[in-house]
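As written, the chains take the letters A, B, C and D, and residue 1 is the first residue of each chain.
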Amino acid sequence: MQVIAPSEKLVAPSHTGAQIGRDVAGVLLIIAAGLAGYWLFPDNLALLTRVIAVALMVLSLDLIVGYCGIATLGHAALFGAGAYAAGIACVNGVTEPLTLIVIGAVGGAAAGLVMGTIMLRAHGLPQLVLSIAIVQLFHEAANKASAYTGGSDGLSGLMPSPLFGVFEFDLWGQTAYLFGLILLVFVFIVLKFVVSSPFGMLCRGIKEDQVRIRAMGAFVFPVLLKMFVISGAVAGMGGALAAISTQVVGLDSVSFELSANALVMLVLGGLGTLYGALVGTVIFMGFEHVVSSINPFHWMTMVGALLIAVVLAAPKGLSGLTDRLFASGRAKGGR
Amino acid sequence: MSELFRVEGLTKSFGGLAVSRNISLAMPAGERLALIGPNGAGKTTFVNLVTGQIKPSAGRVVLNGDDVTDLGAVRRVRKGLVRTFQVTRLFSDMTPEEHVTLTVLQREGRASRILSRFTGDSTVADEVHGLLGALGLVEVARRKVGEIAYGQQRLLEIAIALALKPKVLLLDEPAAGVPSSETPRIEQALERLPPSLAVLMIEHDMDLVFRFAKRVVVLAAGEIIFEGLPFEVAANDKVREAYLGNYANARSVA
Amino acid sequence: MQTILSIGLDAFAYGMALFIICIGLSLTMGLMRVVNLAHGAFAMIAGYIASYAARDLGMGYAIAIALAILGTIVISIPLERLLFRRIYGSPELTQVLMTIGITFCVIGITNYFFGPTLKTIPLPEALAQPVDVGFRTISAHRLFVIACGVVVATGLWFLIEKTAFGIKLRATVDNAAMADALGVRTQVVYAVSFAIAIGLAALGGVVGAEFLPIEPYYALRYMVTFLVVVSVGGAGSIPGAVVACIVLGAIDTTGRYLMPEFGNFFFYAAVIGIVCVFPRGFFGRAQ
Amino acid sequence: MSSVKKLLGAAVGALLAGTASVAADTIKVGVIGPFSGPFALQGKNFQAGVEAYMALNGKTVKGHTVEVVYRDLPAANPAQSRALAQELIVKDKVQYLGGVYFTPDALAITPLLKQANAPLVIFNAATSAIMTQSPLVVRTSFTTAQTTTPLGKIAVDRGVKKIISAVSDYGPGVDAEAAFKKAFEAAGGQVVEAIRMPLNTNDFSPIMQRVRSSGAEGVFAFLPSGPTTLGFVKAFNDTGLKQAGIKFFAPGDLTQESDLPALGDGALGLLTTFHYAVSHESPENKRFVEAATKAIGSPEQLSFPSVGAYDGMHVIYKMIEATDGKQDAQKAVDAVKGLAWTSPRGPVSIDAETRHITENIYLREVVKGPDGKTFNKEIETFPNQKDPGLASQ
């Protein structure tokens, strides 16, 4: 019998320390990549800003899909709610960019609350369909309320005031990009804390086994709902960033297509790591941009081929692939 | 009467089929009770009824004088009615340390906090290490659960349950599926359970039952057919009938 | 009363067209556990083949349908061998990624070779005419679609419940390893089921073309509709799919008649309502 | 991740290298349109119009070589539209922007124009309000109100007093409904009911049921060109409304030439008003159709966006001529104000005040030609129509 006395200390090296080190390195890498993008492609900043806005949405999607195990094809409802909230506020005289981001976050969080309340009533495929139905309802609502949203013509005439009263959102898009990058890094760091908090661990547990979590004495619904709200706030910030940098909000921001694309980007990058969300977004949108510039007419085939190739070569997503290559790996990607 | 836990007339039918019939049972603090019965006797259904996974058709569950029949599974756990699972339900990506930490934090109502750290609280860490140590899981505390031995996973199930500081603990076949070389560790863990805890154990392994239980209840076809001391079980006609009616030999009661 | 009957008839025809297209998807998702988002792409391929056969080669409608089903299955065989076989048993999201990729490819290739215009499948004289059914006229084609739907539903039910193949299929679905051990050639069962699902998609694509016109973007345009129908019915359930198609067809049609402006609201609100009441679909299996 | 970006950088760099070696005296025109996705046909028509113009009028203006850069925007997506426009201006250094199929996409570009010092020539996007967003926008297509308005009088002239309107529930549909109602009521008719149909409607028979029970003598319809028009017209015929003598009026989007083969004989007799029919009889159009057919590959695919693009290129050529290749957006736009020419669609001019095209609107009927194919036959001309949507503002 070799039961070890309770007083004996744990011998394994501290997990947490290494984890923090990796996360700091990861964040630095994101900042470096972002700045590299700024120097390498000074002429593509509008595209890169769009990538950041979508990356925020895909990050927020990872919270739901990757950390809670709830598949959704309606995430654009949250993104769009943020975009329209910020857009409508901006048209009505609230033009300070940071305030608009906050408004977007609140709008997205509110939408997340509604979406979570409904979606958490079902599981599996029916749940997926609930998400589709919700995003379609949001889309319809935005189309119908054209007095506020501009309907299918889009909500135009957004004139965000300069950031801190100095930096204008102009043609070259430097302000928008750097603003977006800072926002992304900030959100990323916060989310890293969220997913490694007790709450984040609880979500991971719920993803694997809800019965077990209940037997630990935790209610599942409020935890998931809370994650929906957080996810909504992040997606809403993405929407607000898109609204500020584009100065137009269109119905596409609450569409099924955007939702489906976001899910594709996430799965492409790998679930449940947050890094995967960023990698997936950059690869997908970058690839799409490059092939559609080369051949604006028939690029879709190439994107399709990319997705197939990724499934064949790296079934756990691209970050799963890097995990496999560098066996040390971060938190596990995919399922 | 210093009873801690009581079920009265617990009945459950699915359609016309009664899987639990009028089960009544009481346990004082410190009780060590074993619930045995042939396959299909309704033992797991009984655990599910008691812990609130399923709703009874009739009857009451009373804990510490409070009727908890209408409470859901989660609230019963919070009141101190805790179970383990027959087949381990653990998170294969997490370490034992993380499992127990999460459970302790949950017990203290801190598990759904966003603005707090998962590790780093020294009182929590000490408690976690104490529990893991008591169950001999320190060596594997930082390995992923998917990588540790099944016997250790069973022990972790018990550690999680204990981390909830239960008043009543239901152990659903704690030794099921564990290779015989590892059973002594389980046995030892059971011996070390806090004395004040009321424990109800469902088990097939009669050696374990005899060593552990002070009292035995036999369930057959959803009904209690015997209640008494361990050594009386084998001699009871009803029990023999229940088992022999089901099996060609009665080795498991022998 | 006449109006109700009339709307009911329209709804029934539309629902049956959806049923024929979707039932194949329901089988792949429910029985083979593959989320095949490329299902619509196969329906579209069939549409192109039928259109080519009937319009450009002047063949008869029946021959065009047969050719379309055969041709689509033939096209699907290498896809099954090379791609789908890799994702049997993978997590759903991986399947989603793969099948969306296939859909994109099919869209791109179709657009490249056949151009973006609508393709029609000329109906034979007999089906093109309006028929007087007493209280109104309805196009003969709609009656034909209803008949096809009934035939498909009964045929499938018979195949799955009453034939040796059906027994093997159900055994394979319940426990592939066990079925394998019992001598069922599960690979063959999967391949045949896949072919049946594709064949049904093909049939649906052709006979449903009057409702859902054939064009390169078909697979994505109607993906949501197909997914909704399958999950409301409960994946893998034939009666479920029938009920879902009829109920959703009725809701859609009635909604669009009573308040067309809020037709979409009505439809999706109803979907949410149904899913909340039947969280596993009308006839879904317990999980 | 940075390595990924570097890879990307290399790829984009290679792309740049390919285009950067052109002569200094090349003037670039960026054309944004839906070249893939559900509206790929319309984008293809943009390309056909542009190529037809350059084939017929040469690739140089006053010695400056014109080069067109296409960018794909598959569906309405203002954020992407803005990103593409920015990239075209900043990276590809285009002096002129053209194309744009959807209104929100145009609205996303207009705020950039002043800083970019580049005019935007819209080949399609048909909402009146775009023109008021920036003085640097010129449009060579049409507005929904412009093509719809003549229908009001036409319907009344044909003995229809009570009409039911059924439009797709989105911006242009609502515009069409309003424009028709105004014109029809001004001519003495009465819109008994106005239905708005969701864009994703697949089965139109319930709508036809409404038409039947409304007791109207005619139906006014607006649907975006594409698959839904097919279902709508089919349902109209199948439910017996056509035999019952209900008259059918619509703007020409509904019977665009590329949809006609699919509509088949069911479309015979439909009355539509539009600014352009591929069958328009004039030497200019003959030349255009020949060149555009060659560019698009198949005569069945040719449709109205091609003529918007063709005339758009004409305007851009005139702008280049006026500025002699120097980038001066205001001067370029000023130069084409009032510009008049004979387009394949007939005589047109750019209204000096609104910068929107003034053109003839034709009433057409779908008839069968000698070759057995259906086409839009022009039967009445409403000359020099301006955009009533802008005029009323």
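Couple of notes before you dig in:
The rule we apply is simple: a residue touches a chain if its C-beta (ideal position, glycine included) is under 8 Å from a C-beta of that chain, and two chains touch if they have at least 3 such contacts.
Going by UniProt, the chains are A, C = Branched-chain amino acid ABC transporter permease; B = ABC transporter ATP-binding protein.
Since the model is a prediction, treat every value here as computed from it, not as a measurement.
Farthest chain from subunit C, judged by C-alpha centroids: B.
The geometric centre of subunit A is 33 Å away from that of subunit C, both derived from CA atoms.
Here the spacing of subunit B and subunit D, counted between their Cα centres, is 72 Å.
Look at where the CA atoms of subunit A average out and do the same for subunit D: the two points lie 36 Å apart. Within subunit D, the positions touching two or more other chains are listed as 36-37, 40, 44, 169, 198. Residue positions 108, 111, 220, 261, 264 of subunit C are each in touch with at least two other chains. Under the contact definition stated at the top, the residues of subunit A that touch 2 or more other chains are 140, 144, 257, 297-300.
If you check each pair of chains against the touch rule, the ones that pass are A-B, A-C, A-D, C-D. Listing the residues of subunit D that touch subunit A in their complex gives 1-2, 4-6, 8-9, 11-12, 15, 35-37, 40, 43-44, 47, 70-72, 75-80, 82-87, 89-91, 103-105, 107-108, 110-112, 115-116, 127, 129, 133, 169-172, 174, 198. Chain contact summary for the complex, subunit C toward subunit D: residues 3, 6-7, 10, 14, 108, 111, 115-120, 122, 130, 136-139, 141-142, 210-213, 215-217, 220-222, 225, 249, 252-254, 256-257, 260-261, 263-264. Interface residues of subunit A, counted against subunit B in their complex, comprise 1-12, 15-16, 193-194, 196-202, 204-205, 208-209, 211-212, 214-219, 222-223, 226, 230, 332. Across the complex, subunit A meets subunit C through its residues 65, 71, 73, 118, 121-130, 132-134, 136-137, 140-141, 144, 256-257, 260, 263-264, 267-268, 271, 297-308, 310-312, 315-316, 334-335.
The part of subunit C that touches subunit A in the complex is made up of residues 29, 83, 86-87, 90-94, 96-98, 100-109, 111-112, 220, 224, 227-228, 230-232, 235, 261-262, 264-265, 268-269, 271-272, 275-276, 278-281, 284, 287.
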